[in-house]
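Chain naming follows the written order as A, B, C and D, and within any one chain the residues start at number 1.
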C-alpha cells in the first residue's frame, strides 16, 4: 500500500484526491493537512466523507509526517507550494505538486506571470512535467512531479499530435476554452456567487491567463519549435469540465480520415485519451480521468475539440496517475 | 410622474426595483443611495443598466434628497432600516420599507428573532403591512408601508382563504417552502458559492427562521384566532422563485370543486393572484408580480401550492404595487 | 468474480449500474441487453464508457445468457419487468429487480396504481424487499429482490426509527420530497426539456404517486400498525438526489438529544446511513450510496430530513448492496 | 396602437414576442396562430400569461386575420415560413419574418444549407435584412423584414466595425460562440433533455451551421469585400444568451484605446449597442434587447466579445425594434 499524505487538503483538489484514493486498491490516505482555520475531522470539512474517512485534517507538522507516508499530493496554492515542497522532498517523499511553482522552467516568465520571486530553483530544475502521455519515462524516475494545469492538459492533449507531426503553423494557434466553476477554487467571491454565476457565461483572463505560458512551454517542447498560443478562457455555469476548441492553420493538405487516424495512432495504447468521431461533451468525462478528443477540418482550418474534467484529468486524477507511474503500479489504478 | 428614491440600491432588491420602475409609465427613479464602497454609476454596479439608466448610486445625503422625491423604496437590511426611515418620513416621503423592522407589531417577538432593540416604535405603530390583497384600504392612507417578507407573501396568499373562512385547524399548519438563491442576497458566502450550491438542495433556518413569526402574526390577524405555523424553508439551485407547499387539517368536509371555487371567489378581482387547476411552477411566475395558487385535497388534508418570484411579488414588485396604491395610480402599472 | 447481467441497460439506472460494477473488485459486467433500437456498443450509447467498457448492448437472448451470469440487475420499467423475471429466475440467476412489480405485496393495490394485471404472483410472494437496513437477513436467502423505489428509500430510512419505536402517530405522517431529474428517466419530454425544467421547481403526482402505497406497506410492516402517509413529491433543477422532509406528530415527549441518540443507536453499524447534526444536503450524497439523516423537533413536531442519491442508494447502488449481501460479499464492495 | 398578429405563436420566440408587446405602449397583440394541436388559450399553452393575456391561439385563418392587424410577426420555422408570408403580405400586413427564408439572397446557398427549393423568390428580393444598426433606412421602407438569426446578430455587431473600417483580414475570421438552450426551440429532444444537457457543454453544427452563410453574406455586404468566417457554435447549460468570441487578424497596427474609441464612435447613438471596458457577461443582457461588446488586442490578434439574449436581440426584441422602425415609432418602445 502506498501511503499518501495530502498537503492542502481543504480545497476542491484535496477533496477530489481523497475521493480517488478511497477507491484505490493499492494506496491509502494517511495524513491530511491544511491551514489551522480549515482543520477538523475530514467529514466535518467535507460532509461527503461521513462514514467513509475518519481522518483529521491537521496543521502541517513535518515531524508527525516523517516516516508516515510514501507520497505527498501537494495541493497548496501557487507561490505557497515552493515554500513547503523542499521539506517534503527532504522527508524522502515522492511529491506531486499541483501548483504552478514547478511547471515553468523559465523563472523570468514565472516571475512575470506570478509576480513573485521563485525561491526553489534547485528543485524546479529537477521537476518533471506530469503529463504522462508525453513524459511517462521521466515521470518514472522523478522525485518531484509538477502536475499540469487543467487548461494546459486539455489544450495540449488536443494540439500535441499536430505539433509533433509538424502539420500546423506554430505561430497562430488559438485555444478557446470554457471551464466549470470548481476550477475557481473553494473561496467564495462575487463573480462566482450562485445568483451571479448561474445562467451566466463570460470570458476572463484576457491575454493574461497564467496557463498561456505553460501551454506554450510544453507545446514548444513537443513541437521542437517555438509555439505561440492565443489562449482565451471562459467560465460557464457548471461544476466540472473544460471544453477546449483549438483552431490551427494546417501547413499542407490532409484529409479528414487521415486526421482521425493520425490521432488514433498517436494515442494508441494511452488508457485515458479517447478519439471520438463527433464533438465531445464535458458531461461524458465529468468525474473521470478521461480526455475525449475530436479533430476535424473546417473551412481550411483544423479544429480540435477536447473535453476533460478539470478536477480529475486536470488535477487530482492526473496526480494519482503520476503517482501510480512513479511507484510502478498499474497506471489506471483508482482511475478506471 | 412619481419621483422615486431607492435607498440601499446596491443589492438585488434595489436592482429589481430600478428594473421595474424603468418600465413604469408614471414613475421614475431620481435618486439612488448605498454604502460608500458600493457607490458609482448604476451601470458600473449593475452592468445590465448600461445605456438604460445614467444615474449615480451615491452615499445617502438627506439634504440632497430633500424635495427631490415623492417616494422612497427603502431596501436596507433588517436593523439598519429603522435608523433611516424616520428621517425619510420627516422629509415628507411615502416610504415602502423592505426590511422586517416595521412588520412585527410585537417588539418582544422582534427583539427575540432579530436580536436587537427596536428603536423606532412610534413609526412601527403607524406602519401598514403591505400585502395589498388583504390591507389595500389601509395602504391607501399609509405613509409607511412594511413590505412583506418573500416567504410570508407566498405562504399567506396560499393559506389565507382557508383561515379567513375558518375551514382549517389553526394549530397545525405546515409551510414547506423552497426558495431560489437570489433570496440570500448579494453578499458571497460559502453556502452559496456556485460549486457548493449548484446541483444542491437543503433545508435551513430549522425552527428559527424569522419569517415564521411574521407569518403567524398576519395569519392570526386574518383568521381572527391564534395561528401556529411550522415553517420550514429550503434553498434550491435556481435564481428566482419560492414554491410553498402548505399542509392544513380541514375542520369539516369540503369537496375539491368547492375548494377551487372558494379560492377563485376569494381572489376575484385581484390582478396578481391566479388560481390554477394544476400544480404551479416557479418558472411561470419568475420575473412577474404574479402568485399562482393551486388548492387541493390529499388524503384528508388540504394541500395548497403557491409560486411567486421572491424578488418581484416577494419584494420589489409588491413594493411598486404598494406605491401605486398609495399614490392612487392604477395598481398594476409597471407590473403587468 | 460475480458475473452480472444488466437487463434494460440503456437507461440511467443501467448506466449507473455499469459505472458501479466497473469499480467493484469482485463483480464484473458480462452481459447487457436493451430494446433493439437502443442496442450497440455500450460506449456508443453512453459515451462516458469509451475506453472503459467494451461490451455490446444487445437484444435480450435467454439462450445466450444461459450459464453466462450469476446475477441479473433487471432495470426494466414497471409492468415490463414481470414479463422477464420468471425466465431470469429459471436460468438460475439471482435477480435484483428495479421495477415496482415485486414490491407491492397486495396485488389489488398494485393493479390500482399501475393499472395493469399482475402476471407473476408466484414470484411476487417470494420476493424480498431490498432495503438492507431492515431486511438484510431475508435478502441473504433471496433469489429475487425487489429493489426499493427511490422515494421510499429516502422516506423510510428517515421515518423508520420513529415508527419502530412507536414514538409518533401513524395516521398523519407527511413526506415532502424534492427529486433531481435523473429520476424521470432518459426519455425526453416537454416537462423535462432543458429550457422548461432549468430554473424551475414544481409539485407533481399530487395524491397519486405510486411510491405512496409502497412507503405505506413497508412503514406498516416496520411499525407493526397501519401507517398512513401523505407523500408529496416535487421536481427540482438538478441531476441527482432526493431530499425528504418528513413531518411527524410525536406521541409523547422526547428531547432533542434523545432523538439524535435514538437515531445513532438505531443505525449503529449500518455502513450507509449517517446521522448528522445539521440539515443534510443532496450534493453531499450525490454519487454515493449514503443516506444522511437529521432528526429534530420543531414546534411540537418531529421533523426528519434525509438525503440520498436517487440513482445510487435509490436504485443501482442499493441493488449492488443487495447483490453483495446475496453472494456473501462484503456489503460495501464497490460502494465505499 | 399598432395591431400585431403573431403567426406561429406556440414556440419560445412567439411567447417572447407576446411578453414584449404586453409592455409596449403603442402596440397590442390582436391575433395568435399555431398548428391546431398547439392551440388553446394562450395562458393554457404558456402559464406565465395567466391573468395577463386573454387571447386564444388558433389555427391560422387568413379570412379572420384580414383587416384585423397592421403587422405580423411570423415565427414559423424555416421552410414553412415562405409558404405563408406571401399571403400575409397580400393582406397588406407589414411582415417581420423570423425564419431564414428571406435572409439568404443567394437561393443556391439557401437551397444547399436548407435542403429545399425556395418557393418565394419574388418576396425574397424585396426583403430587407433586419439588423437596424446597419439597414435602418431600408427597414423604414420595407414591407417584409427578414429578422436576423441569433448568432449572426451577435457576431455581426461584434465584427462589423472592423470590417467596415477595413482593419482586419477578411479571409480568416473565427467566430466561436456559446448559446443557451432556448435557442434550440421548444421541442423536446435527447440532447436537450434536462439530465443530459444540465452540467454539460459541447460543440455542434461543426462546419455546417446554417448561420455561417448568413453571417458571411451580411459581413461581405458590410465589408464591401468577400468575407470568410469559420463559425463554431456550442451549446451551454443556461436558458438565454449568446456569447460570441470573435478572433480577427489585424491588417495594420492599431492600439487598444483606438479600438475602444473606434467602437464607441461607430455605435454612437445606437440605443441597443453598448461598448464595455471589460468582458461582457450573458447574464447582463438576458431579458434585454442590448448587445454588450468588448474589443481588445491579444497576442497580435483582435478579439471581440459580444453578448446578446438570443430570444430578444437575437429574435423577438429585434423584431419589435424593426416593427417600431417600420411604423415610425420611437425605436426603443417596449424594449428599454
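Everything that follows uses one rule, which is that contacts are C-beta pairs under 8 Å (C-beta built on N, C-alpha and C of every residue); 3 or more make two chains touch, one makes a residue touch a chain.
Note that the structure is predicted; figures quoted are calculated from it, not measured.
Ranking all chains by how far their C-alpha centres lie from the centre of subunit C, first place goes to D. Taking C-D and B-C together, the chain pair joined by more C-beta contacts is B-C. Annotation: 46 Å between the Cα-based centres of subunit C and subunit D.
Here the spacing of subunit A and subunit C, counted between their Cα centres, is 36 Å. Chain centres here are Cα means. That of subunit B falls 39 Å from that of subunit C. Each of residues 180, 198-199, 237-239, 280-281, 283 in subunit D touches at least two other chains. Per the touch definition, subunit A reaches subunit D in the complex via residues 174, 176, 178, 180, 196, 198-204, 206-207, 228-230, 232, 234, 236-241, 243, 245, 247, 279-283, 286, 296-301, 303, 305, 307.
Note for the complex: subunit D touches subunit B at residues 22-23, 25, 47-48, 50-52, 199, 271-272, 274, 276, 280-281, 283-285, 287-288, 290, 292, 336. Interface residues of subunit D, counted against subunit C in their complex, comprise 12, 180-182, 184, 186-190, 192-195, 197-199, 237-239.
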